[in-house]
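Think of it as A, B, C, D and E in the order they're written, each chain with its own count starting at 1.
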């Protein structure tokens, strides 16, 4: 529809042909004014900061019995203590850290697989695409959580990394699909053909022509995968398939439940881990909407 | 006189300020007139077309009036414009190929549109069939989905649909640009036929292709940088253009029969000015071979001959 | 607004449905009347699939006790045997036991209970079943009268024999005599025919329902009338679900360990337990810290003694257990066996938490930290690091293991908690592939012999399946244990003499270290049923825990003693 | 059309093969000796049971035969409907146990999925109407989708069950009742079903609302919307078109989200001790009943495949575009 | 120099690749050095597919595409392909899509340099770029170091031609390079093609616009539904169209010098002679050509 001269944005040649410096500054302009982006990003950064820096200020281990039992939040124990006298705040802070780690690792692995498959399938096309697409569909249809449960149940050692690895291996398909369809549309752009005519190799075309052009899209995919990985990990932790002897928000929830925190009214024990996950994942999602609105003029209109 | 546009000013809001997309446009459209609206990209021709029926979210009416059949169109008021739309002013959009709801059968979409505009579909059903036949479509297209039609067929459906209520003014915005030459010809001829049969009283045909305008329009208006450069009857524009821009534009068109071995045609050097902060004086000045001191002042749109209006200080030359 | 019509309608539907159900849920509509039904939980770990009293560990809890009954009950408080199906018994000599059955007892299919039933039950032991070992010392069992059974022994083991008598359920001869090995071992016995106060009513994956047997012999013979028409035993859910149900009075009695239940008992008057204050519960068994004697340091009594002194048991009790359990006696014997404890000896030789003492013992024995890593090495200078294994998911024990590891670290012993799957742990400890573990395989019974058998049993095999996981080899202790088995059950003084000698060895060597008494978990709601056993003299004293084998220890009385609330 | 269905079936067939293969591979390629560790972990005391299980294992694993033979033997067992015998609930066949629990999970899943989908879509479309609505519904939707299923379930159980006392907090129906076709049993079933349903419904709702909101904004910007606006069509008509068209990708979304929702159902069941597959999974995990676990896995996969297939067919029936493309229409 | 013989291309179409679309059907054509050949057709005629096949961006299913005697579709391996692009280059329809929007426009030169001239010194390279930019009549100061959106479509297309000139180029495929440009600038780009031809390059000019094809080319090929309808020297084809399709097309082109009515009248007055077109049997996908006059061929009638 745009192959007609003089049609799009007729009045303002400047807004046609998005790109380069101006696009960057325009993006920043909208970014600075997008409340969703700002709120989402600040919460995520705040939580990240807590997870990164928090543990440095706590000199006892998260599972150590350091204080009185079952005390509500106070100046000394910001989030109170568990019924054993563990510092909930310390657990929360360490849990956040490992939740970030799981998300980054699990989401990262899924992201790597997903984007690689998506790029290769979308760019190469033909039989390669058919095969990868089928693979994607197959993994997509398999109920990830159940696969994970079966796989993790057989593991003798349950560590955070292994957990993240398994999550990564099962949650990539939709990202592959999304990247593939984006790549399909980008690969028909003439500059991709031009890069081939300039004697560029496939992987360089993918990394330097395609990927940068969908960077916002990739960032958003990663965020969604991150959130997904965090939620799945929390679920696994909750049913007792979490990393043994570790700390995570999911495990906190599990142990709060196992030790009757709800029935005993120890709200400071079961609220923070759930709220932490919800807040982290939720604000990442909202951040994502913000990004979407910033990068996608159509959504700005509303 | 169907349409009278007085000093119409429409701006586009952008981040960096207002783009003066239409900067004082003045013209009239007689009953039964088909006016070709030509110019380079960014000259304001599409904006003009949109202004007459529906301003989009970023457009702002800054000044000027539009009269249709002696009645003023409240173009700045989206709600007040509704009664005029479709009944009095209608549109064939440049995206006609995708203008139909992909999940509705065409007949049903037309019925629903008509009903929502207060017209009983049954009353115009026969007319609809007649007009579809007129543009060479079987009435059974009404029972089909858009995806089942070719581009040209969709274009014709939109054409019939848009003109079904016999509007006074039809705006055809690049309506044929996406079509192949042969389809383009039959669509354009059908449009002329619609005017001849009185389905539409007058028409503004927005296009970048002057040779197409030549085939169908009674008058041609050439726009440049948000203003009218020249308006005259088609023959005059083709054979005796007065504005240097019009002349150069026509001179740059290769014709079937012209080859490089005969003559080398020349383009117009330079690019149109940005409209964020348009230059003072004649806007074509920078690219005009005839430009002089005098052109620092804005040339008025003057009638140099009956029905022939030009905005240039050099028309005398 | 049209778009939100559907949700509104749906909400309304659900609300109406809920309103119809009402809070009681059960009301009318053919359910069990609430005030005639006792809801219990805490006994079954899986759906009921089997009512075969011979398939120990597989049958639905209550199959033995409610449907099938033993000859005698054992009363741990009185340390005495109460005739049940039996009317009386007699020991003409130490190798002969004559048991007389009550008159007028009928199986639920109308057949009378006869001596042949007991004989058949005993003879099932010739098949490969869990009590086959009685034929190691039983020579013969004969019906010497319609209701008289005479059992003769090749070797007198009265403590062990009475354990059988007071535990095993009698099955009807007329239904069981013709069964072959496979049927005995594999038949779910879906239509159990017993003599007991309840009969099978119904079951689902999450419950077992018993109905009162109104023709039960005990009403007349013992004056016991079962209070509840129905007993619905709910399959164990997670702690928090059970806690919710108890809080909502959806169950009347829970026999689960519910963390934090102490607070509920303190706060909610309708929820009670045996004691009004810590430890709230009676004790069911002893949790032992079991060292692997094949391990170099753990084989050293001094090292074990140091370890025993290092453990701050109060920390565990007030921590994960919130004072719901009690510290174990240094001998590890449960309170009902108080008569068998040599308290003077304990006062002299017993151990208690004393970290300094632990350090001293270690130093004296040559365990010192030479390389300065904070942990002691063996006297040979080898680094020493131990793993303390408890089953994964046993959250209270996992916490306890963490605490013990912390205690050990304080005296310089490197202990790392490990949480293998339970079955893996079992497999490993049977083959001596562990350093330290916590175990409570034996519990309350009619005799401390079961404990000493557990601790000292010899010989050591390749796999230690049921006893002496520590692989402690002490011929003298084992010989004393065997003598204990041969002591007549009513000779408590004679038995106490033997146990005193055993305890001397035990406290000197500490082959295993007693930690705490696990509770006989029982918390009850007084909303529907009341008069639950408690320390209050006005209330019954029987056990309010329906685990396997507890009916035989008198828990059956509780079912008769509870009273419906008006 | 048939070609399309055939092709889809092909993909699902492959997926099934992959699932079975994964099921077959996991115990084989995980470190350790599966038979030994399985049987010992199962702590089978009954020698008869041990023998039967060993026999079954030997047949399905046949660890001494070549791998491909083992693989075919596994399939052969599968086609006989033989998923082994449960270790935990010995001697019940795994299939019987699963079939007993499936109705509860389906009863939870189907209404939760369908209702959350319908209502979520309406809510999303509703949100796209104005900035104010959008700014409230959207963040709430995102928070909801970001809520871990089990956490919401816990909070609901606590608030509406324990504290409020409006609903029972555990089980599939009252412990006082036996299943029967009576109104009383039905209302009881509903009252037990409601909380788990609600928590799944609420979490899923957010996702659909967001999806619909984003879709419909694109649709409202589509060319046909602009055209209709230019012709003065009322917002209502345009919105109706946009809603309908935005529903179509949401149908596909249903297929994509299925896995997540099932995961949610499993967790929710655990919280409410609801007697469906989720609780069964937890039980088989806790009892190391790997036959049961793998049986459930296969069941869930087959269920998901069937659901996907239904969704595919529905999509074809609903979207004229695919329908036309498949019947080989013009253009 | 470039020779296509019996080239076919079949696409799978439809929801699941069920249908077959013969995009290019038995096409023969040649391009000689110093010659502009126009490939004219409506949408779906296969003209762009031919361009892509020549550029090796799509593989021909049947037939041969020879460039200087070597079969293009048989080029295997990255190095050989790279070498091929040293001599054959393309310019595409949409100038804005030809530049990666996030990089500066002169990155297209850099890509050539890093691939083909990694050893050339900075100064030397700059010299060459300035030279090439000059050749396409651009002012280097106006166009270098700018982002694509800061330049006009005409400037961008000329940059792309300059880019091709940096190589030892012998054949340029110009695929609709002016259809997105404004009337005022397209003619200048078109003139550039003529300049190239004068430097001895072969140009394959793909277009849907008959008047443009007529303007620049030496030979014209009119395609319909993938097959050649008419082919010959441009002047002959336009002055004496033989194929009914070519005649129809020409009658539909909007012209400045006469209206459609006049054209129709003229045709009615002087009906062109009937030509016997070659025919093929159903199911035969060949498309034979008949030489009606010297170098002037007509193809099959496809209804």
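One rule holds in what follows: a contact is a pair of C-beta atoms (placed from the backbone, for glycine too) under 8 Å apart; a residue touches a chain by one contact, two chains touch by 3 or more.
Keep in mind that this is a model prediction, so the values were computed, not measured.
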Please report the smallest number of touch steps linking chain B to chain E.
1
How short can a chain-to-chain path be from chain A to chain E, counted in steps between touching chains?
1
Common contacts of chain D and chain E, by label, are A, B
Suppose each chain is reduced to the average of its Cα coordinates; what separation in Å results between chain C and chain D?
40
Suppose each chain is reduced to the average of its Cα coordinates; what separation in Å results between chain B and chain D?
55
Could you tell me the distance, in whole angstrom, between the mean C-alpha positions of chain C and chain E?
90
Rounded to a whole Å, what is the gap between the Cα centroids of chain A and chain C?
48
Residues of chain D that touch two or more other chains: which are they?
154, 157, 162, 223, 270, 286, 325
Of all residues in chain B, which are in touch with two or more distinct other chains?
40-41, 95, 98, 208
Could you say which residues in chain C touch two or more other chains, in rising order?
238, 240, 244, 247, 393
Quick check: in the complex, which residue numbers of chain A touch chain D?
1, 36, 134, 137-138, 140-147, 149-151, 153-156, 174, 227-228, 231-232, 234-235, 238-241, 250, 253, 257, 262-263, 270, 273-274, 277-286, 289, 292, 298-299, 301-302
Quick one: which bits of chain B touch chain D in the complex? Just the residue numbers, please.
53-54, 56, 81-87, 90-91, 93, 95, 98-105, 112-113, 116-117, 145, 147-150, 158, 162
In their shared complex, chain A is touched by residues of chain C numbered 238-240, 243-244, 247, 258-261, 263-264, 315, 318-320, 322, 392-393, 395, 399, 402-403, 406, 417, 419
Of chain E, residues touching chain A in the complex
52, 55, 57, 78, 81-82, 85, 89-90, 92-94, 96-104, 108, 111-112, 115-116, 147-150, 153, 160, 179-182
For the chain A and chain C complex, residues of the former touching the latter:
63-65, 69, 83-85, 240, 244-245, 255, 257-260, 262-264
